[in-house]
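What follows is a group of structures, each given as structure tokens.
Paired with chain B in one complex and with chain C in the other, chain A is shared by the two complexes that follow.
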Partner chain A sequence: MTDFHDKYDMTIGIECHVQLATKTKLFSPADNDARDAVPNTKTHPIDFGLPGMLPVLNREAVTLAVKAAKALNADVAEVSRFDRKHYFYPDLPNGYQITQMYHPTILEGWIDAPLEDGSSVRVRINHAHIESDAGKLTHFGGYSLVDLNRAGTPLIEIVSEADIHSPAEARAYATELYRLMTYAGVTHGDLYHGNMRFDVNLSVAPKGSSTLGTRTETKNLNSFRSVERAAEYEFYRQCELLEQGERIVQETRGWSDDTGKTTSQRSKEDAQDYRYMPDADIPPVILEHAFIEKVQATVPKLPSEYRQEWSELAVDKSVINSILADQQYAKLVSAVLADGGLTAAKRVANWIASSLTIDEAGSETMNADVADLLALCAMVDANEVSSNAATELFNDLMAGACDPRVLAEQKGLLQNSDEDAIGAIVDAVLANPASQKAVEDIKSGNDKAIGFLVGQVMKDSKGQANPAMAQKLIRDKIARS
Partner chain B sequence: MTHQISSDDVAQLATLSAISVSDAETEALRDDIANILGYIEQLSELDTTGVEPTYQVTGLQNVFRDDEIMDQTVSSETILAGAPESDEHQFKVPKVL
Partner chain C sequence: MAGYIDGLVQDVRSGKTTARALVEQALEKAKETESYHALLSLTAERALERADAIDQTIAGGKAPGRLAGVPFVVKDNFLAFGAPTTAASKMLEHYDAPLQATAVEKLEAEGAICIGKANLDAFAHGGSTENSAYGVTMNAHDTTKVAGGSSGGSAVVTALDVVPFALGTDTGGSIRQPASFNGVYGMKPTYGMISRYGVVAMASGTDVIGCFAKDAADIALVTDVMAGQDWRDMTTLPDFFAPQDTVPEKLRIGVVKDMMTDDVDASVRQATEAYVGRLEAAGHVVDYVDMPIVKHTLAMYYIIVPAEVSSNLARYDGVRYGLRAEGVKTLAELYGKSRSEGFVTENKRRIMIGSFVLSSGYYDAYYNQAQKARTLLIEAYNKLFESHDVLISPTAPTTAFGIGENTDDPIKMYLSDVMTVPASLAGLPALNVPAGEDTSGLPIGVQLTGPQKSDALLIALAQSMEEK
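Showing the complex of A and B:
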């Protein structure tokens, strides 16, 4: 593939649908958790559009939107309203979606998304609105099936400005948005079940051009990796069309993880007319400043606050980012920092980053008692366990074990730092005829040979001798001999 | 002010409303819609400067519900009973994609 990056710039804006972590739907008291439920069992007459039903707004959905606003550095609208967006589709029983076209609850904001090279990209948020989800369609050969369990599920749609200019930035934005929304408790963030879905709007233009090209919208991406791959693919696809003198069609495209390609879904040439109108069933939402402050005060620490807090740890940015991938780990490192100070927190941070598997989203979280972790750190400081043994014990603690000292004793991982005991083993090793060559080498200045002798001491002590002490004793004894 | 409504306008409205309209009906609707729009147009004679748009007429605000599951949901059998066709607890509809 030709590298078009020298010739064209890409401009990306992302819309993200976030499923809110409420117990019930946006306008009905039906159960919002439809995972693994039999189709059409988690729905209510309000959600399947029975005439005469009166939708009533879920207070918790508004509360979560107010929390989201804090994470997005956005103001909350004093007055917000709901509108009807009309279209006919089998997954939309009312014939309209209830959304916020003109007076969204969340106003302009911004987020900073950290990039791999240590810099970050600031992406402005245009606004975010509350709306209800549609049902789920499954397509078969000659027909489609409709499940309304998801109909009426509360969402916020976060609309970014077109401030993103590379696939890596797109991925970084999606990833940071995920962290912000899960940390703030806005969503469960279960990507496998589509709790966050990204639409990537992308256009290309010749470098330095002041006008943007025609954009396409690639919809329903449900992982950070697919956001990045779809952006990469669209950039090359559009560049190639332009190189061939063709024009880009403004359209909606779908993405396939299997083929790694986007394909046209529907053209926006005949622009949709949604006939928006105020939804007279839903009175306006007026939010007092005091309410907003009270709700936002309950938002837990956000990723940027953790980054700030850990700036003294002097660990690699990649370590910080792998810890931040899971809020439990972030909380743990901060708890260790508060109770045990910098050295302990740095140790735990490195253990987490190097020995736990942390995947993009929703890995099974493990956790340990802070006091146990501090006890383990103290054992490392006192040379009571080797670094390998410490990593092993750390993994045991995270998997649910407790009391590292008892654990180390049971597993025979305690290091022996008793000078007399190790001294006796060293004497025996030095007296062994097999060691004589190494001893002579060291005397004649070949220091490498000490490794062999330390190895013998470790072997004879069944791995429990403190290696640093063994080495010191070997040197002392040879020097005195 | 008279409105000119073309056959295409009527066809577009019919598409958006998901209804089919015959040629004869289209002609009749052109006149009807033009008359209705002309009638409504009279409102624009009023000076509404400084008047807040009418979003609603109840005067209510902040009508909320607590986030509690009420198990008064209807069984899928009841929901599907009204559908012309169903399969695997779901509505069966003509292919849409």
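Showing the complex of A and C:
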């Protein structure tokens, strides 16, 4: 592929649907957790759109939106309202979706998304509105079945400004949004079950052009990687069309992870007239300042606050970002920092980043007792375990084991730092005729040979000798001999 | 002063009669008056079971409730057990409700017994009950005349003494106008006073639940039982309704001049003036007030309400319940044919108007404009209520018109709502009070309208005039 980056700029805006972690649905008392449930069992007459049913707004959903506003650095509207968006589809029981077209609850905001090179991109948030999800259709040969378990699930749709200009930035934005929404407790963040879905609006224009190109919207991306890949693909696809003198069609496109391509789904000409109107069944939501403050005070530490807190750890930004991928780990590092200080926190941070598998999302989180971690750090400081052994013990602790000293004893990982005992082994090694060439090499200034001797000591001690001490004793004894 | 229903309840409680006897009597009366076609179904089996249960409660010495044994009828757009809830449409011909409307539940909790379901214009679209998919209801006083509507069946069963009270819904006059045409009381409460939960929605912003009865005290009692906040309906207000025994002296009452024009039948104007004369004689202070915005209210109404209708009827798509067309091949056909077969002409007319006024590019010109005008209407009322306690006008410009007389002319049909629509758009309480009859013996009604939450005052005022 030609590199179009010198010739074209891309402009990206992202809409993100976040499923709220409420117990019940947005307007009905039905269970909001429909994962793996038998179709149409997590429903209430309201979700079926039966005659005479009225929506009852879930207070918890509004509360979570207020929390989301804090994470998005956004103001909360004092008065927000709900509107109806009409279209006919079998997964939409009322014939309209309840959303916030005119007066959303979450107003303008911004987030800073960190990039791999250590810089960050600021993306402004246009607004975020609360709305209900539709159900699900499953198509078979000649017929389709409707499952309304998901119908009425509360969402917020976060609409960014078009401040994103590369696939890497798009991915960084999506990733940071995910962190913010999970940290704030707004969503469970189960990406596999579609808890966060991204729509990427992308257009290209010749470098330096003052007008934007025609955009396409690639819908329903459910991983950070697919956001990045879809943006990359769309950029090249659009550039190639422009190079061939063709026009970009404004349309909705779908993404396939398997083929790595976007395909046309619906052009603007087929766009529906949604006939938006205020929903008279739902009175305006009036949020008082005191309520907003009270709710937002309960929002736990956000990624930016952790970054601030860890600024003196002197670890790599990539280490920090990989820890922040999981709120549990971030909490752990901060707890270690609070109880054990910088050195311990830095050790734990490096262990987490280097030895745990951290999924983008939804990985099984492990955790350990802070006191046990501090005990392990102390053992490292006292040279009681090797760094390899420490990593192994750390993994054991995270997997549920406790008391690192007992553990190290059981596994035979404790280092021997007894000078007399190691000295005896060193003596034996030095006395071994097989060692004489190495001893001579060292005496004549070839220091490399010491590795062989340390290795022999480790072997004879069954790996338990403190290697630093062994080395020191070897040098001392050769010098004195 | 206690009304007719109070007396019945006393008789049931004292053993002078039984709930079963009252229900049997109502069912018999329903049969006798079958030819009026006021009822779409009877819920006899369930009603008799409930009657026996109430009689047993009384026999056991327990309190049977404030409406013990009193039979009633619901308009067939209330979800209620014992018979399908059809909304007088083919769409819901076989729809059995899985639950009951809050209003019905509250009445039953006080011992009232639903014996049947009354005819209406399909989905409550209309002012004559001629738009029912199951045939026309005849006026209680002249079978060649319409019952009015859309709650025509409920008004007629009340007028014919089948039951002491009946429930209706009023979106733009659907209780008051048929009450006027049949000579009974009909109350449209303040918007939000009674839960709409379990009632087939027409226009969410103006739909209210109310009742028909033969005296004002009965209206007060039934309204009192139904009123109050319901968590299932977010638009309900905390209960403010408290029946009043007396009315203040020297109420300031305004006659709305713009509802007394030459377009109004002379007999109707005369009856209204006569009622006004009696109010004055009772010591109240009456004057004539201008309300020029009245002439624009029908235009507002027939934009806002069809918009809501088009939205509220979108759920009837043949997918989950209700009529589903046979022999369709595509989804579009399923929608098109099911809705085409399930809705009557007037439903379709309103869906089309509503879809049009909400469509992109027209929303601001129609819907938004109508909402702004509605705000002006509310302001005009507020201004009048600074200097007046109650407004009075005829309820309808004419007495009941002939069956078939207006069916080809929807505009003429809509004009019969001209007096009732303003209070609906403003969310105000309004009460139809029987006020004589025209030369051919057809009933005339006057409409008392008050500020929000003045429901009890309106009923008490009407009651005080009954006694004179």
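Things worth noting here:
Keep in mind that, in the parts below, the second predicted complex is superposed on the first by the 478 of 481 C-alpha atoms of A that agree within 3 Å, B and C clash if a C-alpha of one lies under 4 Å from a C-alpha of the other, contacts with A are read in each partner's own complex, and residues count from 1 in each chain.
Keep in mind that, in the parts below, a contact is a pair of C-beta atoms (placed from the backbone, for glycine too) under 8 Å apart; a residue touches a chain by one contact, two chains touch by 3 or more.
In this text the structure is predicted, and so the values were computed from the model without any measurement.
Shared-chain residue A:Asn94: touches chain C; no touch with chain B. Contact comparison for chain A: of chain B and chain C, B touches the greater number of residues. When the two structures are aligned on the shared chain, A:Ala378 is found in touch with neither chain B nor chain C.
In the superposition on chain A, A:Thr43 contacts chain B only, with no contact to chain C. Looking at the shared chain after the overlay, A:Asp273 reaches both chain B and chain C.
Judged by the touch definition given at the top, the superposed model places A:Pro51 against chain C, while chain B stays out of reach. Looking at the shared chain after the overlay, A:Pro283 reaches both chain B and chain C. Using the contact criterion defined above for the overlaid structures, shared-chain residue A:Arg84 touches chain C, although it does not reach chain B. Of the two partner chains placed by superposition, chain B and chain C are both touched by A:Val146.
In the superposition on chain A, the residues of chain A touched by chain B in one structure and by chain C in the other are 45, 48, 56-57, 86, 88, 90, 146, 273, 275, 280, 282-283. On the chain A side of its complex with chain C, the touching residues are 45, 48-57, 84, 86, 88, 90, 93-96, 146, 273-277, 279-283.
Those residues of chain A that touch chain B in the shared complex are 22-24, 29-31, 38-45, 48, 56-62, 81, 86, 88-90, 137-148, 265, 273, 275, 278, 280, 282-286.
Those residues of chain B that touch chain A in the shared complex are 12, 16, 18, 55-58, 60-70, 72-76, 79-80, 87-97.
Note for the complex: chain C touches chain A at residues 78-79, 85, 87, 92, 95, 97-99, 101, 196-201, 203-205, 231-235, 307-308, 310-311, 313-315, 317, 319-321, 331, 335, 355, 358-360, 363, 367.
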